[in-house]
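Structures incoming, each one as structure tokens.
Look for subunit A in each of the two complexes below; its partner is subunit B in the first and subunit C in the second.
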Partner chain A sequence: MELRKDYFADVRKDGLNEIGQPRPRLDSPGHVTGKTAYFADRNFPGMLHLKMVRSPHHHARIRSIDTSEAEKHPGVVRVLTAKNVPHNVYTILILIQVGPEDETVLADGKVRWKGEAVVAVLAETQRAAQEAVAKVKVDYEVLPAVFDIEQALKPGAPLVNEYHGQNYYLYDSGECRKVRFGDVEAGFAEADHILEQSYQSSPIEHAPTETTGCVVVPEGNERFTCYTNTQAMFFTLDNTSIILQMPGSKLHFVGGTVGGGFGGKVDVIVEPIAILGAKLTGRPVSFVYSREEEMQISSPRAAEKVVIKDGVMRDGRIVARKVTGYTDAGAYSRHSPYGAQKGAAHYPGPYTIPNVWIDTYCVYTNRTPSSAMRGFGVTIGDFALEVQMDKLARLIGMDPLEFRFINAYRDGDMKAHRQPTEGAALIECMQEASRVANWPVAEKYMAMSSYRKGA
Partner chain B sequence: MAKVPVQFTLNGSEKAEFIESGTTLLNALRDKIGDTSPKGGCHQGTCGACSVIIDGELKLSCLTLAETCGGADIKTTAGLAEGGVLHPLQRAFLDAFATQCGFCTPGMIMAAKVLLDRTPNPSREEVVEALSGNICRCTGYEPIIQAVLTAARASSQNAA
Partner chain C sequence: MAIRRGRGVAAINYPTGMNLGGDPTQALVHSTPTGNFMVTLSSVDLGQGMKQIMAQICAETIGVPTDRVVVDTADTDTGPHCMGTFASRGTHRAGNAVIQAAKEARQVMLEVAAEELEVNASDLETDGQGNIQVKGAPQKSISIFDVALSAHFKRGRSISGRGMFLIPRSYPEKETGAMKPSTCYAHACTVAEVEVDDETGEVTVLTVKNVFEIGRALNPKMVEQQLVGGSWMGISHALYETTEPYYPNRDHGGTDFNQYLMPGLGDLAETETIVLERPSADGPFGAKGPGEMCANPQIPAVANAVFDAVGVRIDTLPITPERILRALKAQAAG
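Then we have the complex of A and B:
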């Protein structure tokens, strides 16, 4: 590794003790000896296995549920439905006042995506649980479903989620998160060229090698120890407390060792129902996603559509940018209203543009609920923005890297969402990239700095 | 369900258990014997996290029935370090940052060990081929490949 100390040399002390030095990872000795304890490495006598009955339909009304045959199946200890869950309708971000509660722990009257949890079966063995799942009879009335962001926003589209009342998340700013900066129409009128392009992505599964799950042990003091691979320990603790109407002092979460997460393990899905199972049976409970569930049931990165309209001058300046972003939340909010909002702040990109107009929609469809994944809300946006930057450079016959130097944000620039730029390093990163990639740019760009005069 | 006796050697120790017929070696090792170093990532033979060595051959313990392992010599990553001294592969995985979440690591080390036991000085292509049945979602594989090549060099220097 090469440490370049000539950038920002005047504002940085060179007494760097850690940066540039290889340090052993503290968890590696456990990994290479097989001693690291993941949640599933805990095994307790009498442990029950939880398996879910899942919706085979994308959108359906539940007429009736008959669990009698499943309850009689050898090895089955308990069968749970919505009526067993103390506070069955929840939403993860209610902890930071992002409501309404819109998702059921176990489906109650309706399913809104294919794979939604309907009935939980607890049995002595995985096999008995799986066999009993097949014996639960659910009578569905199939409803029309909507799978496309734009179709979902059209009048007359099937209503996905009654807790919202319409197929988009209602922000305090209205049907979308909005950023308004300068006068975008005046910018387009002034521009030498206008380029409008549309970009789309599919959902992306994290596919961690360790599937989502937890092991719960009822303790003698009416507390429950939950060994989990959640990436969001306190979100999980607090949401479980709400769902089970149980004080947090009764819940002891043990975690921090995650066999790959990438954002896919921040939802609160397996823990509340497993703890409820342990409470109602008095036995340890293991709820571990199969590989199929991990791929089909766990939240993916949202599908997104990004429409970018730019006004650009022949000299390389972008004078207006209008972005409409759509995030496919699937049937429930989870973390998507936050992701779509993050996109609104991010969409101008790391560029200083005087006239900006952003609308980002969080849209509900009958698809698998999406949620967090590495830079969600901005990663697909960055793909769209940087492809757009290349197209704009080509349009005006300019080198794509030089085009980015001209528009790069620098310290003191006001961003469209009214946060002044501080500590920018885009210019310097591009200068280094130019050297390393042997992609030369004009000397005046190599002499630029992220510092503005007087800033 | 009928229980069957099974007896084998695990990392040099004799083990004897009564297991339910149809139990996988992975579940027998983890739930019965208490060696949790083989991991269950897919239970369908596609991820390699459960890899163990049976009579010198690399095997997927999630697709191996425990009752077929009578008399076998089974090795897992938990038994690789001798007297507290890390095996060169373990040392190299540590030094090369070849672990992140660590879930694939025991299986990777098993696959690498079978390779080095047979081919002490493998080419990069041979390393890639030997690890091709093991999925890692964190590292991008390159540090793992480098760790195996480094371990091969370290082992051949010690042997010289």
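Then we have the complex of A and C:
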């Protein structure tokens, strides 16, 4: 890695004692010698193991649940169903007033995705818990399911989630988050070329080294200590307090040393049910996802569809951009309404375009709920935007890098969401890329700056 | 049939912190009797090095070496509130909270030193090595060790500070979408060079040249580890990864690392990393959040390079050999 200190030297104070110094990490020796303690390194006498009975169907009504055989299985201590969960219907973003509550801790009357948790089994060993899971009998009436964003939005599509009432998240702005800037139709009318293209992605797994999990200990003072690898301590504690209808003062969360997150550990899934198990049995409880659960049960990055329509001039200026983004949330909201909204704020990318129209939808389907992942709301959008930029450049016969200089945002430029650009550095990144990749561009682009002198 | 070469470029920006703000983080700093400093947080270190960076930020602010600072984090009984480690917010939000707490602690430390040295606190400075001295007269000095002992046992002072950072929440205007999503943005430009085997559809990423602008590289070695890892993840997203290879079909999902494809060490591209620093107005020492954005530009850069190599557009991720071969077949069929 090289630091190019010549850029922006006029606005930066170098020569500090500790900042800017490549100090060795104090936690590295522990990590590389296996001495760092993670949550799962804690083992307590009498600790129970929690395993889930999961839905084999994408969408089904639950006629009945019979746990009698599982309860008799040797080593099983307790079996939990929806009726044991004090506040079973929840949504995590309720903490920042983003509702409605739309997800069950344990399925109640219905399952909406293949893999949904239905019954929790607590046993002396992992093996006993796993064997007992196979003995729980659930009678399902299979319902029609919908897997595709477009199908889900069609009239007459199976309703995925009754708590929403339609297969999309209803924002205060309506069926999508909107950004309107300038007059996009007038922009298209004046453009030399129009290009409309559609981009698609599939769900992606965070694949952390350490799978999601927690270990809970009931303390003598009626409090519960939860050793967890959550990415957000109080966010998880506060949601747990709501789900278990338990004062936050009864909860003590310990964590902060995590083997990779990438956004996969900001859902609140394992902690509430494990703490409930500890409360109802009076024993320590461990609930740790297997690798298979991490890959197919924990939330992935959403599949997204992005449709971009651009109006471009022969001289390289983009004069209008319309983006319609769809986030496949799966069966429940989790963080997806936030992610789709973040996309609306991100488009039309780091370019100054006078006429912009953005609609971003959060769509429900009968698949594993998606949620946050590194680059949430932006990563797939950037794929779409930057492939589109390449296509536009070739359409008008211009070098793709030079084309980006023409449209790059600079300090003071008004963004589509009506904030003036501050601290831009796209131009300088492209200038340096031009040098390092030996991709020459015209001198006038190498002379550009993100600063607007006197602006 | 041939191996064809191509290159592609992509340029991006990325917001720092929770979209639309409203995401608080607090910090507490105090000295031990022998002049080490504790930073207490509830922020989570995901392996990226949060604890180390908070130690360096505290050390710089107080004026001591980093090894004099211990970070105690993520115990909800002792650590003050942090919204969490996500949205490239850890360094930016917690870093600002630590600076505020450390400044308050430093002020008390200087006041105690001033009493011991019989000067005004405003005339003192730290030497960065563990001592406090009079500006312009460094021979008149006292160690922070002695200052802490004095504070604890003689002066009855608590060398401590409280820090809080909160960007007020923005609410998008319903009809226009007018809003303030973020206060600062990181930037990147990537050029990727690939080889595509037009017989097998296999893509080999030969080189990636990543230029990142991240506000301030607080610890350049740690910045490098994050940027190189992110670049690898971007390439992995572009060419390999999905839990549902035939989306929207639910079948064929991987359940372990044998089935879920990711590039191995032998698939790593030659990676060049260049960092620019335009300090942000509200970042700790100008830092922005590079954690997420560093994995984004490789995806379109690789997609554009594939087109440059074989003349077909794969607009669906991941860009698998199957998709390339199908596109080549469709192209040949005219």
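The working rule: the second predicted complex is superposed on the first by the 448 of 455 C-alpha atoms of A that agree within 3 Å, B and C clash if a C-alpha of one lies under 4 Å from a C-alpha of the other, contacts with A are read in each partner's own complex, and residues count from 1 in each chain.
FYI, a residue touches a chain if its C-beta (ideal position, glycine included) is under 8 Å from a C-beta of that chain, and two chains touch if they have at least 3 such contacts.
On a predicted model such as this, the values are computed, not experimentally measured, just so you know.
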Partner chain(s) touched by A:His346 [first = subunit B, second = subunit C, both, neither]: second
Contacts of A:Asp41 with subunit B and subunit C, given as first, second, both or neither: first
First, second, both or neither for A:Val76, with subunit B first and subunit C second: neither
Subunit B versus subunit C as contact partner of A:Gly30, first or second or both or neither: first
First, second, both or neither for A:Tyr7, with subunit B first and subunit C second: second
Which partner reaches more residues of subunit A (counting touched residues only), subunit B or subunit C: C
Touched partner set for A:Gly260, first subunit B, second subunit C, both or neither: both
First, second, both or neither for A:Ala207, with subunit B first and subunit C second: both
Touching partner for A:Tyr199 - first (subunit B), second (subunit C), both, neither: second
Which of subunit B and subunit C A:Lys391 touches, first, second, both or neither: second
Residues of subunit A at both interfaces, subunit B in one complex, subunit C in the other: 22, 24-25, 27, 31, 207, 209, 258-262, 291
List of subunit B residues in touch with subunit A within their complex: 30-31, 34-44, 46-47, 49, 76-78, 80-81, 86, 89-90, 93-95, 97, 99, 101-106, 109, 135-138
Residues of subunit A defined as touching subunit B within the complex: 22, 24-25, 27-38, 40-41, 43, 206-211, 258-262, 290-291
Subunit C partner contacts - residues on subunit A that touch it in the complex: 1-5, 7-8, 11-12, 16-27, 31, 58, 96, 114, 147-149, 172-174, 177-181, 197-205, 207, 209, 230-235, 237, 251-263, 265-266, 291-292, 295-296, 300, 303, 338, 341-342, 344-346, 349-350, 358, 365, 367-368, 372, 374-380, 382-387, 389-391, 400-401, 404, 408-409, 416-419, 422-426, 428-430, 432-433, 436-437, 439, 450
Footprint of subunit A on subunit C - complex, ascending: 7-15, 19-20, 22, 42-47, 49, 51-52, 55-57, 59-60, 63, 65-67, 73-77, 79, 81-87, 128, 172, 174-182, 184-185, 187-191, 209, 211-213, 215-224, 227-228, 230, 233, 237, 241-245, 247-250, 253-257, 260, 262, 272-281, 285-286, 291-293, 295-297, 299-301, 303-304, 307, 313, 315-318
